[in-house]
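First chain A sits with chain B, and in the next complex the same chain sits with chain C.
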Partner chain A sequence: MVRTRSFGSISADVCIYFLLGLVTLSTLYPLWYTVAVSFSDSSAVAGGFVTWWPVDFNLAAYHEIVSDHKFYKAFLVSIERVLLGTTISFVITLLMAYPLSKENSLFPGRNIIMWFLVVIMLFNSGLIPWYMTIKSYGMLDSIWALVLPYAVPVFNIILVINYFRGLPKELEEAGLVDGAGPWYLLLNIYLPLSVPVMATVTLFSIVFHWNAFFDGLILMNRPEHYPLQSYVQQLVVNINTTDISSEGLKSLSLLSNKTLNAAKIVVTMLPVLVIYPFLQRYFVHGITLGAVKE
Partner chain B sequence: MNMRLRNTAVMLTVCLALASGCASNDGGSNNGTNTANSSNAGNTNKQETPSEPADPFGKYAEPVTITIGKWIDPAAEKTLPAGDTVENNQYTRFTEEKLNIKFDHVWQAQGDAYKQKLKLAIASNDIPDAMVVEYSDLVKLVEAGQLQDMTDVYKNYASPQIKEIYDSADGIGLEQATFDGKLMAIPNSQTLADSIYLMWIRQDWLDKLGLQPPKTVDDIAAVAKAFIDKDASGKGTAGLTGSKPLFEMNNSMGGLDPIFAAFHSYPLNWLKDSSGNIVFGGITQETKEALGKLRDMYAQGLIDKEFALRSDNLELVKAGTSGIFFAPWWMGYYPLPDSMKNDPAANWKPYLVPLDSEGKFNTHVQSPTSAFFVMKKGYKHPEALMKYINLQVAAETYADQEAVKLDPGVGLQNWPMRSATTYADNVERNSKAINDVISGAADVSTLNSSQKPLYEDWLRTKDNPEIDFGKWGPAFSYIVSGQELFKPMNKVFSLYYGQTKTMETKWANLLKMQNEAYTKIIMGSSDLDSFDDFVKNFKAQGGNEITKEVTEALNE
Partner chain C sequence: MKNRTFILNYYLMLIPGLVLLILFSVVPMLGVAIAFQDFNSGLGLWRSEWVGLDNFNYMFQLSDSRVIFINTISLAVMKIIANLIVPLVFALLLNEVRKKAFKRFVQTVVYLPHFLSWVILAGILTDMFSYHGLVNQLFGAFGFEPVLFLASNTWFPAILVSSDVWKEFGFNTIIYLAALTGINSSLYEAAAIDGAGRGEQLWHITLPGIRPTIVLLATLSLGNVLNAGFDQIYNMYNPLVYSSSDIIDTYVYRVGLLDVQYGLATAVGLLKSIVSLILIGISYTLASKFANYRIF
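So, the complex of A and B:
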């Protein structure tokens, strides 16, 4: 059936596409700008000549990154952090979500634990108590300070609980009749069925750990222990000249190298850009399935 | 399957427990050695003190270890030869060799991260033995009773040179570090030149248009107008640059401070008015006049239209479209090279203008002290810090003969604890020494190891800076713009650089209000008389209270 569309509906579509196009452009442009800057001549960038395309195209910034051992070190710390952090969060999410998805009658005390989780999700203690807690556990300046404080991702756990609750009870009952224990049920029935939601929360975890920078600055005692984002943050914060004496001036010309900093940001973005497409197909699916509780 | 996974889970838990356990052991044993060190040092001290007279450069018989939080300067770190680190380089070895003092870095950080670490250390009562802090932190530390009284240490151990340095700035630093008659910190001493802003102008444009360098504010306005009207840059010339804060006490680039000063307005200083009362410079009648002038200039398009919005207010300078800006003497380091790379014809010249109606150049001057060396209360060798500062300053000024063996190319921030402690007129001293050699009044051999490279770089690059902007910049800054600083000028110190009780809570808001009111007046969105409303609000919202506190502090 061919339907002729009225002029109004076509023009409405055009408007919508145009507006959405603008929104897309406004989110993509900063990224594109960063890429363009990273390939430009640094003086041209300082003069504000770069808008769409690189000016005096060159790879100097990338050459410098390749020879910067601090960047590599920070990269490795970040990889370590993401691997450890995501693994620990994955295990803990799974092990907490399964029992908590049961009814209070099956798991007495479940509601108390849930309340506890919601409270810690909504309120936090503030910077200094947080810092002192981590310090008194002796975790300062170690990779665990970046990983263990975020081991229990409450929001992710709630997503997974709701997802588990949405799965047919009959499956579990059938397993019970055949003599499966809770471990077997969790690992061989629930886990394979919840790939979408687990992929989603894993993606959350990866992105969170990859992007976190503040804790690295505060909790690490040596710049060489910084994860990548902390390292990059150090480079791109605005330099306040009123803080430096005239002898620190040399650092100004060094730090004001926007080209190099843009190149570092581009390199930093790459891993997440690469991972996203592989996990994204679960993403929308996972997040909405967990959202509605029957 | 079942069993295997359960085992894995158990294993993982054990791993976690072990790992966190290890980490805590680590921290524990570190602390252990630290206390052991300092208590050892303490014992030796007790045996020595009676027999040993106070010697500012006396070497300890046993190594003394001071724990510090280290401020890292990435540029200085890059200058280290291969194999050396911030913890072990020529300066740390020099300190150890001469004084037998070792520094143990409990943490390192740079920039804002350093400040955050420091504040956390203070808040959690876990400060290292010695630190360099800013004034607001010093006040907190003193109030919390975390600091060692340095009065006697300074009296007995400060070298004559250090005392001379404080005298060169009238002892303002020591006054700031004194609380209830006790010296609680050793102040640093920075060069005052950083707060004197010169007018930088495109000499090539002046020549092209046949103009004379401007002298007064009106001249500047006329030149800016000519630059714009005749489009001196050829790509749409803009007027003077401005900056978001409008004015700042030190090292700010592209602000409008000298125009205020030409009207005898010092919007951040504490001043005496004609009847001898203490008054904040931001609410004086002179300031209103200056704002009126700036408002006119902005309305005529002589000031960058977007100055209040720019994240990089010197962008126009670097792009070669603005030909006049105000900034300190060191522009050769940055941003002039960027400007010259973008426009090879660019020829920037500094002038000590604008002059006021009496033909004098006025300028605010920053506090000679921006940071303080402090020692944790109860540390057994408080004089070690003083000895270290003595040595560092003597080495940097080559008062210590042995310092010639130190390579001046290695960044000074690699000293274990460093905050510039130098003569208030250090830039002028260096500039004079080198210029005397250039004019033939002195011999090259009179230059010290830090001045000589500047002289040599200048000979090599003065005619073609583009062969090495990195060398040209410092040489140009000291030799050419340094000369401007010899010219007569009226340096206006603030009567008070400290922080009163009420300032802690209200000052930031008042300054913000000041900035907003001024910006609106200049940009024309509120009329000049709204200045009087601002003054009223300023006084009502804490200004009066603070003025009273400052007056009291000055009368003490």
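So, the complex of A and C:
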């Protein structure tokens, strides 16, 4: 169909593309700026010469990170946390979602357990009781304190329950006729069919564990047990914000090593950037699954 | 008989999860008893002295309480409103784009900050907004005096709200975009035949088409009126801006874990949790009544 477009419509298009381009740029720029700083010479950064591209390109900051034993240790703690946390929640999510996707008539008690889960998801007992509980279990300074409290991700479980309920019932009935038990049905029929939703919740769980910083700060007393985000919080962000309030704020912000900080930030966000393409394939589906239902 | 073995196995599957929930969610709920005690961590929950509502009375006498309560609500409400409107406008703009590749590129970029932690983003933003940072350099180029953005009680809340929108608007766009694709395209064709321009189509078809989604999101956000964003504020604030940006959650952390006033901190936190639970209850009831929304 050939259509002559009015001048107004074309200029509207130009405005829209320009605005969207500008917003996209403003989203990307702070991240790009940090990358540029991390590859620049520190005196060029302190002088304010870096805006778009690295000035006096060098890898000094990254060399320093590689030889920084504490950073390396924190990176490993984070990896360990992600692996443990994601595996445990994967298993628990699957094990809880399957029985709870049954009707109450097939599984008496199902509705009561559902309400229990919802109340737990919605009521927050607060920071102090939570901290005291974990302390009383003697779990401070243990990796398990960063993993077990999040082992049952109720919201994810509800997503998976909804997904299981949307699968055709005939599949399970066919299995039942063949004499399959519940474990067989879960592992050989439901699990292979739920790749999209399990991928979604697994990726969410990886990002959650990688990004968590606060529990590391309060539950780990020794800095060598900090996960990476807690380490970066203490060594980069906390110092940035205390500088502001101190008397000599102007000189201090010049002295602090912006290049090294930027490099630490880049390395810390790198894993998220690496899994982002996979993440993007699934989360749009995942989020609409949980949010809008007819 | 077969049914009973199935049910038994269902319970077996649930046991690990339920045990973990009891240990890490139910036990802390019992721990809210600290709010009614002069809690001493050496004595523990069972032997600490019970003081009734003393912690709550003390809380209402503190002048801090008023400040943190007002800060929490005003920051949260500003974020809620901005996070409803900006993604909506953005989704409408994106919906007008016909070039698929451009649309996909924009979406890929704007979703990204949602997945980065506030530690990282605060590290980047506090540097950019610092006294010698990029923003002040830009200001300087236009002949303005440098501003202490992060230490100013007028600028800092604005930075909190705008950086929160900056991080989340892309992600919040997803739900609007999903609703926009649900609008019947024959409506647009019919309107075009009747001579309606793009502006008229937007006003008479698109907006009414996604109104239920807007109402639903607005209703559900009621539950967040006391969530002003701990992770963000904790990573960006400093004592100079406490009067404008100290919120319930940051206050509970400082009073409880730094000043070891466990009873007071638990009381403040408990009050917040109860009010939040009531608000969530109201919002879910409204959402299920008017928008037929169910979480399961």
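Here is the rule we go by: the second predicted complex is superposed on the first by the 243 of 294 C-alpha atoms of A that agree within 3 Å, B and C clash if a C-alpha of one lies under 4 Å from a C-alpha of the other, contacts with A are read in each partner's own complex, and residues count from 1 in each chain.
Definition applied: a residue touches a chain if its C-beta (ideal position, glycine included) is under 8 Å from a C-beta of that chain, and two chains touch if they have at least 3 such contacts.
What you see is a predicted model; the values in this text were computed from it and never measured.
Of the two partner chains placed by superposition, only chain C is touched by A:I120; chain B is not. With both structures placed on the common chain, the touch criterion links A:L279 to chain C but leaves chain B unconnected.
Once the two complexes are overlaid on the shared chain, A:G181 sits against chain B and chain C alike.
By the touch criterion defined above, A:S142 reaches chain B but does not reach chain C. Shared-chain residue A:L20: touches chain C; no touch with chain B. The partner that reaches more residues of chain A, of the two candidates chain B and chain C, is C. Touch criterion met: A:N221 reaches chain B, while chain C stays clear of it.
With both structures placed on the common chain, the touch criterion links A:I158 to chain C but leaves chain B unconnected. In the superposition on chain A, A:I65 makes contact with neither chain B nor chain C. In the superposition on chain A, A:S43 makes contact with chain B only, while chain C stays out of contact range.
Chain A residues in contact with chain B (one complex) as well as with chain C (other complex) are 48, 91, 95, 127-128, 131-132, 135, 137, 148, 181, 183, 218, 237, 241-245, 249-250, 253-254. Chain A contributes residues 6, 8-9, 12-13, 16-17, 19-21, 23-24, 26-28, 30-31, 33-34, 48, 51, 91-92, 95-96, 98-100, 102, 106-109, 113-114, 116-118, 120, 122-137, 148-149, 151-152, 157-158, 161-162, 181-183, 186, 207, 210-214, 218, 229, 232-233, 236-237, 240-245, 249-250, 253-254, 258, 261-262, 265, 268-269, 272-273, 276, 279-280, 283-284, 287-288, 290-294 to its touches with chain C in the complex. Touching chain A in their complex are the following residues of chain C: 3, 5-7, 9-11, 13-14, 16-18, 20-21, 23-32, 34, 41, 44-45, 90, 93-94, 96-97, 102, 105-106, 108-113, 115-128, 130-132, 134, 137, 148, 150-151, 166, 170-171, 174-175, 178-179, 197-198, 213, 216, 230-231, 234-240, 249, 252-253, 256-257, 262, 265-266, 269-270, 272-273, 276-277, 280, 292-296. Across the interface of their complex, chain A is touched by residues 1-2, 5-6, 9, 12, 16, 19-20, 23-28, 72-76, 78, 106-113, 116-117, 120, 123-124, 126, 190-191, 193-194, 248-253, 311-312, 315-316, 318-320, 328-330, 333-335, 337-339, 341-342, 370, 411-413, 419-420, 427, 470, 473 of chain B. Across the complex, chain B is touched by residues 42-44, 46-49, 88, 91, 95, 127-128, 131-132, 135, 137-142, 144, 148, 181, 183-184, 187-188, 217-218, 221-223, 230, 234, 237-238, 241-256 of chain A.
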